[in-house]
Each structure stands twice: as C-alpha cells, then as structure tokens.
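Chain naming follows the written order as A, B and C, and within any one chain the residues start at number 1.
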Amino acid sequence: MTEPIVSTPLRERATKALGDRFLHEALDIATTKFIALRREAFGNFPEGEHLRDRARAIKEATLQRLDTHLETLVANVERLGGHVHFATTAEEARDVIVDIARRTGARMAVKSKSMATEEIHLNEALQAIGVTPVETDLGEYIIQLAHERPSHIIAPAIHKTKGQVAELFSRELKRPGLPADPEVLTKIAREELREKFLQADLGITGANFAVADTGTVVLVTNEGNGRMATSLPRVHVAVMGVEKIIPSMTDLAVFLAILAKSATGQKLSVYTTLVQGPRRPGELEGPDEFHLVLLDNGRIAQLAGTLRESLYCLRCGACLNVCPVYRQIGGHAYGYTYPGPIGILLTAMLNGPRSVKDLSHASSLCGACADACPVRIDIPRMLVELRREVDDKGIAPWTERVVFKTFARVLRSPRLYRWGARIGRTAQRPFVRGGRIRALPFFFGAWTRTRDLPPVAARTFQERWREL
Amino acid sequence: MSSKTDFLTRIRTEMAKTRGLFAASSAERPAQPAQRLDLLRRELSERWPQTLERFRAEFELVAGVFHRVATAAEVPAALERICRERHARKLVAWPAEDLGVAIAPALAGAGIAVESMPRAAVADTERRRLRGVIADADLGVTGADLAVAETGTLVLVSAAGRPRSTSLLPPCHVAVFDREALVESLEHLGLALEAWHEGVPPAERGAVINFITGPSRTADIELTLTRGVHGPKEIHAIFVDGGLSRHG
Amino acid sequence: MTEAQSAPRAPAASQRVALMITCLADMFYPEVGERIVRLLRGLGVEVTLPAGQTCCGLPLFNSGYHDEAASVARRTASLFRDADAVVVPSGSCAWMVKHEYPGLLRGGADATAAERLAERTWEFSQFLVRRLGRTAFESDVEGPLAYHDSCHLLRGLNEGAAPRTLLANLKGAQVVPLPGSDECCGFGGSFSVRLPEVSTSILERKLANLEASGASCLVACDAGCLMQIRGGLARRNSPLRALHLAEILK
C-alpha cells in the first residue's frame, strides 16, 4: 500500500474538475496536440505496427524470464561498479535513498523527472532529513513551486495555462510582472536551475529501461536535465520499477523506435542517455557512486495477477491523451500518482482494489487507450476485471449488487422482462411529455438532469413482430 | 531492506503460477555483432552520400544546423564562422586526437580561446576548474561516434578526453564527423551497441553513451515548443568530406 | 480486416437470418427493428425472430458481474442455437456475442453453441456489406449526413468501413465528415449514470463536433450511442437529428 485511499468520491472530484475553465482549455489544447503529433509520427512510419507487436512480445517474453534477466542485470551493474538495491515497498525505497543521501553528506539533490519517485513520495522523505530536492524537469519544476502533483505522466504541468505559470513564477521566484510567454519562462527556469545542477551533491532520476545484458540504465529525456543529473553530482541514484528490465541492446532499439513517437510524436526524444555505472577512472566527469534502486511496490505480485499486462507499460502517456474521461477531468481528479487509463490499473497495483472502487468505473470502455498504446495493452479488459474484483470482494455497495442480480434475474426470464416493459410503460406516464422524458426522480435523475430519455415504446419490437 | 534473494524468490513464486499471456520471444540478437557491424560499414560505404543526405534532412528537421567542408583543414574556418555569428569567444573541445583535427591554433589566431579536454586523469582541483570552464564556455566542440540518418541523431560515447558536458553545458554544441560515423537506422544503432559491448570494452571508454537528437527542448508549458531548456539551444554538425584522421 | 470476413458471401435470395433485436431496440427503438426487417425482406432475406429474447448481457458484463452475465449469455446463446446467421442492430451487442460469449461460456455445456454463435453473428452494416455484398441503397432522409463510429463497432469489431461504404453509395444523400468521428459519445452503459457529469461533458464535445460538421443528421449503428446523442440533442431542442443507419436506408 503506497497511498492512502482518497475519501472524496470520484464523482465529486470529477465534477469539480469539469467546472475549472482554465483546466478545460489547457486539457483541450494539450491532448488535441498530442493526438495529432502521435498520429503524424506513426502515419509516416509504416514499420510502426510491426514494431509495436515486437515491443509487446519483448515485454511479455522478458516477464516470462524475469528472474534470469534480473540476475544478469544485477551482475552487470555491479561489475561496472554500481550498487543495486531491492525495495519491496515504497518505504524501503525511501529508506535506502535517504540512507545514501545521509551517508554521502548530501544537502541538495537535483531530480530528473521520475514517476517512480512520485509513486514512493520521495521528496517529503528527503526534506525530512534536511536534503532539498530540486525538480529540474520544467513541468515538475512548475508543480513543485505550486505544491501540486503531476497531472500527466509525461507533461506534469499540462493542466496549467501559460498565464498561470507566469503568475506562479512571478510570485514564487520574486520576479514580479512576468509575461505569459513560454520562451521567457523557460529561460528563467534554465537560469534558476543551472546553478543547482552545478552545486548539487546528489542526482536522482528514474529510468525508462535497464538493459540486463550490459548493465545499462537508459534515460529518455528532452531537456538535458537527465544528462546533468547523471553527470554533474558526485552521487547518482536511479529509481526504477522492476518491470522495466529488458534483455539486450537490440531490444532497446525496438523500444526507442516507438517510445517517443507514442509520447510526443518525435522520432526520438532529444536525449537518450545510457548510464553504465559510476564514472571510469580516466573520466573527467560523472558520479563517484551509482545506485540503482529496483522497485517492487506491488509489481511482482501482478506477474501472475490480472494486471500482468499493465507491466508492459512504457509510461508514454498516449492513453491519457486519447481518453475521453481524462480529456474532460484531467489528472488530479483521479486522486493518485498515476492518472488516466493506465493510471487506474497502476493505482490498483500499488494500492489494492479498494483504491479503484470508483476509478475502475472512470471509463466508458471506449478502447481508444488500447488502440493508442504502443505495446497494445488491453486496458479496457483489465478495467472490467477490476470492476469484477470490486464486486466479488464486496467493495462495491451491496445495494448495487442487489440491483444487478435482480436485473440478471429479469433478463433470464422472458416473462419478467415483458412485465418490466409493462411496469416501465405505466410508471413513466406522468413523466412523458411530447414523446420525451425530461425528468425522472431518484437514481434515474442522473440521466435526465442533462439528457432526455426516450419513453418505453407502446409496444416493444417483439410485441409487434406478429404484424410484421 | 529486501535482498536480491527476496526479490528472486518472490518473482519465481509468481512465475511458477503462470505461463504468461502468450508465446513470445525477445529480439533476435546478432551472433557476432562486431563482425556484422564491420560488414554493415562496408555496405554503407558504398552509399554514404544518400545516407548523408538523409541525415542532413532529419538533422535539420529537429532544428540542427548542418555544415559541410571538403577537408579537415577547413574545419577551423567553419568553426570560426559559427563562433563569429554568435560572438563565441570561449570554446571547450575534445582534444585533437579525439576530434580527428586540430582546431585550437587556428582559432587562437582568430582570438577565440579553446580549452582542450585532458586525455589523462587529473587532480580534483583541476576537475573543478575545468567544470567551471565548461560551464562558462560559449560553445562546445566534439566528434561523433555515430550519425544516425533515420532520426538525425548523433551518438557520443564518453571517454577520457571526451567529457559528457562539452556537449551539454555550453549553449551551442558543434559536432564534427565524417562518413565513418554514418549509419542508416535505429536498427543499425542497436547493432553498433551490441558490437561495442562484445568482449571487454577499451580502457579509456567512459560510463555514458549519449544519443543527441537536436537541441534541448521542452513543451511543458501549453505544449508550446521552446529550445535550450537546460542543454544547448543550438546544435551544429560539420561533415568533413575528406575524412578525419583516426587515432590508434 | 473484420473478423466476420472469414465467412463466405452469400446471395441475398435464399438467405435466412435470425434477428437479435437487443434490449434497447426492443424497448425504445422498435422502429429500427421494423425497418431492418423490411429492408432485409426487400432484399429477399427471410428474417426469423427467436422468441423470448431479452438481452445479450453486456451491461452485467461491463459492471463486473460475470457470473450473472454468463447466465444471461447462456440463455441467449441457446435461443439462437439453430440460426445459420444472426444479425444485430447494435455494434456493442454484436461485440459482446462475438468477443465475450466464447470466454464466458467456456468449459460449460453451451461452450460450442457460444463459439458457433460468435462465428455466425453480424452487426447490421457488416451483414449488408460483407455477408450480402449489398452496398447500394437509397436515402430516406434529407440533408447532409455525418457518421459517428460507435466504439465497440470500430475498435471491438474493427469495422469502420462497412457503414461508410453504405453511406458513400447512398443515392440522394450528401455525406460530410464528422470531426472526431472516432471519439466516444460518452454513453459507456452504466458509465452514463455513474459519472453523469463526465458523460455529459463528453457528449457536449460530440455535439459540438456535430454542429461543426454542417450535417443535419448524425448516423450511428448502436442504440446506446443513439440514446445518448439523441438525449443531448433533444434536451437542447436542437433541430439536428440522430438516426440509426437502418432509418436512413431505403
């Protein structure tokens, strides 16, 4: 269990998000652009479909031999002079990193964007021992200043308009009157953070892949902060879910061919950084110590679980961009570290089925996510499985169970079904006006508050059949 | 704190419960990658002009600035032009043996200071000084181990004399390369990576390999593209037709 | 490529098809069923209606009540036991039968019946175009038409082409593209009432796209989508309409 279960019902959080005009505008702009970029990238890439199949197969094959690959990875990282740590829980991960920080006398850590470190809530733990964590990815830097959490897997501040960012920088950086100009704002971030990179004692990053065969940790970035964090401070810590291991460099090339295209529409991200242990004796730069923290936090349990397929996830964010629900409510309304379609599955993985009592229903099961996913994860299938788990474990309200069981009884009996139609016809009479139903009481009001309903037909099709 | 054995035990326990979702295998790897890479290079040398053209197009698509000179002797002049255009007076560079061409003397003549990176290990004080120099520099000059045409990507393997931040800290990065570096695709890049890790790596090789595709960028604010976030705002590639000299 | 393409085309005359009317069409849109029957008969197809139909069980399945869904599926599969071909006016119900019935009923007495039913079931537009090979019809509706892809038909059954072929060949009709035609309408079954605000917000986007398209009528192949979209249009007193494909073809 990583995160406390959010007590506010999802419907409330979602409705609040829907009322946020700025958010709505920001989401629309961002998701529409992301979709177009991705479409264009794959449109110009005929090998794309085949590579997606291959990537999916590599992920599955790796999980089928995860023990072997893990051993190979550890042996190679250690051979290169790195240290590997094994964190079963978020707490263990925090502890090992805090320990490293303490032992190496770190006072300030620069962080490259890492959802894994968000997942384990690392920053608070560092602050508690007097180490200042500085987020350096522009989006993370923005939300750190705003004391918020990321709202998208790859674009953490996508919920903010440029006006909001300008206001934030003006206030928090004591530079009043900044213009809502991304160029200007980016330049300021560059200036503010350059010194931090040069002075930091500790660099903390995530990792997109770890190549077992060569002990290589791979970072896919655009800004350059990943390169800085892995080369300038004297200690580098990479935090990575255990499912990100891949066997070889040849496998790596397959993933690189589709990852950036899925995430941002770029052929490749600006920087792909292959880290192979601490700096070598002759090297001018590089950390003296390299640590890889392998994170379980619910992943290993899914190897034989319903969410196994979600272990293929490359954290590209493509599913968020196409999700009709995410596009309306944004990331924060989901309430946990990972938002969007894959986020619901990951939330269940990290926190158990109770955490997705509502979230498993935050989907119309439209399938756009599965379509967009570079490794073809069948997210809707697993959402339905989670719903099933929520029902089977009695997490769903008992009233709901009664309703659905009754519903099933009616559907098994043509007689009850016909009665149902008759009852409907009678009950609806006071509400039908001009051939439409505009308002219904109780539960049914959920529909009629915003939409009309057709009335039950005077005679159902089956009742008319004889005359046809 | 959990141990490797803890992880392996749990992983194996779970693995035993399932055969997985479908029959699958990871990528097929070349049996003798170094040999295959050699063969590939020979094939590519027949069509290097097309590969170069594709590289140029892709490099420019990601906002790289492409230059071409006939011989290595013309590289300093090209560099000088680039420096003048952005008033760059302080350069850091890979040493001549790593660049395949000497640039410092010619540039010094033009009033442009070039600090070449040391090939041997240096004391900590010197390391700190050099970090300051690199951070202060206007422009960084490097070579490139590979130039991938498919994506306009430059691949730089760090090493003694080839520190990572020469292509990272200064606001402008210039990479000098010749046809030996050209490969067509990411698949070729994968092959090169396999080849480079076959057997024992050379002692002077560093611990990082960087693929660089265009200048540093972000779109974190309203998906508006801006360049030069933390890394260089500009990247230039100088292709030398006549080739660069190789050191042993 | 659609899954249904493995079955051979058969000429219309001497064809026999069982109609799976679906609970929504049965209760709320019987006129859609009537038009399908008349249309098919006009093509020389004999239409049967196995008696006592209720539902394919999708709402139960999607909410995670799989035992209950299986019990309903069992019954439905058995009702259609003798059918050589089954036609369904809804993409989502056709998907349920073709995609989920075999898994739900695996290992039981109805396993074979479920497999066979899955192979022989066609969504309505697929039946016309791929099974009967009939693509040329006349339009019964005035004004520009725009096609909305229902999610289960487009992604579940891989069918974006058949309805478009029918509309493209429609005599006397103007067809305009619908921006975001492949975007969900927000119905999603119980989703529409579990998260009604989000569902409505998604619907609003669809309606805005419809307005932008210049069409006077949206066409869809799913009763769920139609209930949602019509519900929104009616609430706004919009002059725009949303019709089932069967209500357009003559």
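Note that in this section a contact is a pair of C-beta atoms (placed from the backbone, for glycine too) under 8 Å apart; a residue touches a chain by one contact, two chains touch by 3 or more.
Just so we're clear, the structure is a prediction, and the values are computed from it rather than from any experiment.
With respect to chain B, maximal separation of chain centres occurs for C (centres as means of Cα atoms). C-beta contact counts were set side by side for A-C and A-B; A-B has more. As a whole-number value, the distance joining the C-alpha centres of chain B and chain C reads 55 Å. Chain A and chain B have Cα centroids separated by 31 Å. Not a single residue in chain B touches at least two other chains.
Interface residues of chain A facing chain B in the complex, by the touch rule stated above, are 26, 29-30, 33-34, 54, 56-58, 60-64, 66-67, 70-71, 74, 80, 84-88, 92, 95-96, 136-139, 142, 155-158, 160-162, 165, 182-183, 185-187, 189-190, 193-194, 197-198, 213-214, 222-225, 227-228, 230-232, 242, 246-254, 256-257, 264, 266-286, 290, 294, 296, 300-301, 303-305, 308-309. By the touch criterion stated above, chain A contacts chain C in their complex at residues 10-11, 14-15, 18, 324-325, 327-329, 360-368, 370-371, 384-392, 396, 401, 404-405, 407-408, 410-414, 417, 421, 424, 436, 438, 443-444, 446-447, 449-457, 459-462, 464-465, 468.
By the touch criterion given at the top, residues 21, 23, 25-30, 33-34, 37-38, 49, 51-55, 57, 59-66, 68-69, 71-72, 75, 151-152, 155-156, 182-184, 186-203, 205, 227-228, 230-232, 234-235 of chain C touch chain A in their complex.
Per the touch definition, chain B reaches chain A in the complex via residues 1-4, 6-8, 10-12, 14-15, 17-22, 24-30, 58, 62, 117-122, 127, 130-131, 135, 150-153, 158-160, 163-165, 168, 186-187, 189-191, 193-194, 197, 203-224, 226, 228-232.
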